[in-house]
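Scroll down for the structure; my scribbles are underneath it.
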Amino acid sequence: METTIDIVLLTFLCITAIAIIYIRKLFCGIMLLGIFSLLSACLFVTMDAVDVAFTEAAVGTGISTILLLGAMGQTNAHEKRPPYQPLIALLVVLVTGSVLVYGTMDLPVFGTPDAPIHLHVAPRYIQQSPIEVGPPNMVTSVLASYRGFDTLGETAVIFTAGIALVALLGSSQKKRPPCASPPQPATLHDHLILRIVGKMFIPLILLFALYVQFHGDYGPGGGFQAGVIFASGIILYSLIFGLNTAMRVVSPKALRLLGSLGVLLFGGVGLLCIALGGNFLDYNTLAARPVDGQHLGIFLIELGVGTTVFAIMVMMFYAFSLRGRNTS
Amino acid sequence: MTILDITTALCLTAGCFLGITGGFGIYRLPDFYTRLHASSVTDSACAFLILFGLMLQSGFTLATVKLCFIFFFLVLSSTTATHALAKTARSRGLEPLLGREDKR
Amino acid sequence: MIHLPIAQVIIPLLAAPLCLLFRSKHVAWTIALCATWLSFGVSILLAIHVTTVGPLSYNIGGWPAPWGISYYIDALNAFVLLIVSGMSALVLPYAKKSVEIEIDDPSQPYFYSLLLICITGLLGIAATGDAFNMYVFLELSSLSSYALIGMGPRRRALTAAYQYLIMGTIGATFILIGIGLLYSLTGTLNIHDLALQLRVNDILSSENRTLLTAFAFLTVGLSLKLALFPLHLWLPNAYTYAPSVVTIFLAATATKVAIYMLLRFCFGVIGNGTVFQMTLGKIILIPALAAILVASIVAIFQYDIKRMLAYSSIAQIGYMILGISFATTTGLTAGILHMFNHALMKGLLFMVMGAVSYRVGSVYINDFRGLGRKMPWTMSAFVIGGLSLMGVPMTAGFISKWYLVKAALENGWWDVIILILLGSLLAVVYIWRVVETAFFNPSHEHEEEESGEAPLSLLIPMWSLVIANIYFGIDTSLPLGLAQQATAILMGAN
Amino acid sequence: MNWVGHYNYWGAIFLMMSGFYVVISRGNLIKKLIGLNIFSTSVFLLYITMGKIKGATAPILTEASQLTASPQIYSNPLPHVLILTAIVVGVATTAVGLALTVRINERYGTIEEDEIRAKDDSL
């Protein structure tokens, strides 16, 4: 049964990919990419990677699509036919692909339990992490504790993307002539149904984000996904009630502050561990009992990740939509 | 094979059938507004039947509550989305194809 | 003392968000300056510790090596850390004035923040002992450098950044595939454990197809990142159109760190003397030689001097890879030494470019007319940098060329020696072109605006590099000692 | 038939290559980014494929699994963690790429590579 679902999903994915190659309308391409992400999220679920699936669904189908559409709205919606025959590209791809297929020949068969990666490092995570670290969700313990430093790097990456966007898109705003009366941005303000349903949904979305944030120890979820969901709540708000209103609720300045503070919180926890006599990010030192310390540490850094991700995602959305408004 | 299982199977089969019909409709129907009809079939009846079938299987557990939430969410969001789509299409000046003699 | 390895990376990392907390560009610059000098100090301490006591490892989160991420600093890491943090410590004092005219005011805190993150990324790659952590920090540094290049004053900076983004991401994804395949073979991500597992499980001796593919992908991905000859297309545009400070920093450090990764994977992981390495050496020998010749020739025909230097960088990367491809002790020493010396000379030459564009506004060859009289200090710095680039005795460049020739002699590859010397000759040609224009061509008569000597804050970092270029050309004990230690570690890895 | 067991890898490789093809053969800057997204998502697929064990469950300890006598098999959590990080890196790259695209469109008025090149050369 598992295999059948697996193959069906893979086939769907292949069809979507081929469609993306052929389709020339960028809008359709972006939508297909969203479908591609959603399908791969489903595939991740069948392969037991629930956390990954969650993130892929939130990021690939949610944030990526929004960003791509935002960029497309300011540029051109149609792709021109390439002037040259991409034969060389095809050749490169074929060579790379065949090298990869050649490389998989010596890999263990899909799904075998005695592959090297299941024998060497992972067993400790599976057997010891509930005792050493605590959370029943092993992905959370590996992510936040064993490989917590990767997560710090990841938070820094998302932070970088945010400030890169502001640096690139926010820079030449001042040069534009200020409009006397700000043009009424295209919002869905007059749409009664949307407004009411939106009002019902947004609190639920925010609540769900908090659930994901604090439930990450026990099920799929964690700071990153929570941040993305929280941000999508704000994005929905600004779509319905207008960018100006949203920026009064969460100002860009506050976002910059929150984004920085999240990274600093994460790093600060690490430094605190040093101050308390452990290594960097050694949560054991945070409390009398190591497991309590781990719990506290993971809670704090997930909070840092969530804050940064939320702030940066909204920041990115603002950057694109402000730019779009200025150019149009 | 209890009665519950049979009901589940029926629900799922019907849901799947409606889903396929919806997809087929989107592909075959001539214009935007008729396609909207097809997609709302998938959104409403198909999703509901599948969710109901699953709820029967999960019994009184947390999973059922979550399924209920999904159902609630779907009811609200899919209807609103359809509404928004139709309204946008109308305000952008997309004319329905069916019912206009000169086009057929 | 035991927290030194992590302090190295964490100082600039945490300074980056701090820069943004305050709006002021002066505060941001001060924070960045302090952070880079602190991390430079840390890297000096690390280098001292490594040379006197021995390798230093640090378990982040308190988890032992294959389970957690651990930092491992041996002579090679310490050497690369020294290059990166030293260059960043020199670049920041320089940045103040240069950034002021190239980046508009509100963006400056963002600029410094991104620069700090870029430094963090490069330091993180050099310090970590974990393959995946390396990937994360590689992306951190790349992502910030895309943005930094895109902030360049001309519009072509944007296309250059975009091109770099696409090629860089393809490279990074290839690296990710390579790391994934290695992981699937061994089940571990720690580099030393990887080497161990490959040996224990007897994967090395058997002709394992997955291992071969993993290294093929790692090599191609890293070649993209380090701009090895046919994959260098992103580099000239990126270096030409980026803000001066970014060009200086990236030219001096970014490609070196990618070379470090190549060394780490090809020698640190698979160990010395294996069949893989021999084949790899032969495979990368050809592009390295091609880079030296083709890029040098292309450099001669450039009118934009920054672009000329960018092509010269590609040629110099060819020298480093050439040294590595010998896979002998002398060859590796030459390659590693050239990483250091090239950072010194290219940093210096691009600093001159930054000063010229600060005063004159652009760096086309015609703008150099008469600059020898107007900016004597700047242009004499250029001459010394140029001499070092050619490999004239008494400069740093000579030492690495000398070792390179020595390595080729040991292998008895006379044709390679001829090519190395030819490359130097070509360097003479393109450097001379600029020197001639600057010192022997009269300036435009109609140009009356007074463009005097560059300000002191640009001259001091520039001349510290001049002094370094000469000092390390005479007293080679420090870089040579570290390079030899590093080579010994790499060659003795099996 | 040992090699049939690799079908999942090959599916991922096919997807990877179609993404890679889009990146290097298309001239539209946004389309390139779409391709890049497919490419990286498929690499994620490759990683997750490695971590899967047939018959195992998601690596989350549940109360039900503790009650059963036979030890529960879990899929390998490490690739999941790696890919979580990689997804973030992917979306960050996409965002920066899009920001550059928007700026390029403002300065050049087009997002087609050949037209941009023509405009640069005409200067």
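Details
In order of appearance the chains are A, B, C and D, and numbering begins at 1 in each one.
The criterion applied here is as follows: contacts are C-beta pairs under 8 Å (C-beta built on N, C-alpha and C of every residue); 3 or more make two chains touch, one makes a residue touch a chain.
Owing to the predicted nature of the structure, the values given are computational and were not obtained by experimental measurement.
Just count the C-beta contacts per chain pair and the biggest one is A-D. The distance from the centre of chain A to the centre of chain C, each centre being the mean of the chain's C-alpha atoms, comes to 31 Å.
Centroids of chain B and chain C (each the mean of its C-alpha atoms) stand 57 Å apart. Distance from the chain A centre to the chain B centre is 28 Å, each centre being the mean of its Cα atoms. Each of the following residues of chain A touches two or more other chains: 100, 104-105, 107, 115, 117-118, 121-122, 125, 147, 150, 153-154, 157, 160-161, 164, 168.
Multi-chain contact residues of chain B (touching two or more other chains): none found.
Annotation for chain C: residues touching 2 or more other chains are 132, 136, 139, 143, 146-147, 150, 177, 183-184, 189.
If the chains shown are joined wherever they touch, the resulting network has some other arrangement, not a path, ring, star or complete graph. A list of each chain pair in contact follows: A-B, A-C, A-D, C-D. Contact residues on chain D toward chain A in their complex (touch as defined above): 2-3, 5-11, 13-22, 24-28, 30-31, 33-35, 37-38, 41-42, 44-45, 48-62, 73-85, 87-96, 98-103, 105-106, 110-112, 114.
Here chain A touches chain D in the complex through residues 2, 6-7, 10, 13-14, 17-18, 20-21, 26, 29-30, 33, 36-37, 40, 43-44, 47-52, 55-56, 59-60, 63-64, 67-68, 70-72, 74-76, 79-80, 82-83, 86, 89-90, 92-94, 96-97, 100-101, 104-105, 107, 109-113, 115, 117-118, 121-122, 125-126, 130, 136-139, 142-143, 147, 150-151, 153-154, 157-158, 160-161, 164-165, 168-169, 218-220, 224, 316, 319-320, 323, 327, going by the rule given at the top. On the side of chain A, the complex with chain B involves touching residues 188, 191, 193-194, 197, 200-201. Here chain C touches chain A in the complex through residues 3, 6, 10, 13-14, 16-18, 20-21, 58-63, 66-69, 104, 106-107, 110-111, 113-114, 117, 120, 124, 132-133, 136-137, 139-140, 143-144, 146-147, 150-151, 177, 181, 183-189, 197, 201, 208-214, 216-217, going by the rule given at the top. Across the interface of their complex, chain C is touched by residues 16, 20, 23-24, 29, 32, 36, 39-40, 43, 46-47, 50, 78-79, 82, 85-86, 89, 92-93, 96-97, 99-101, 103-104, 107-108, 116, 120 of chain D.
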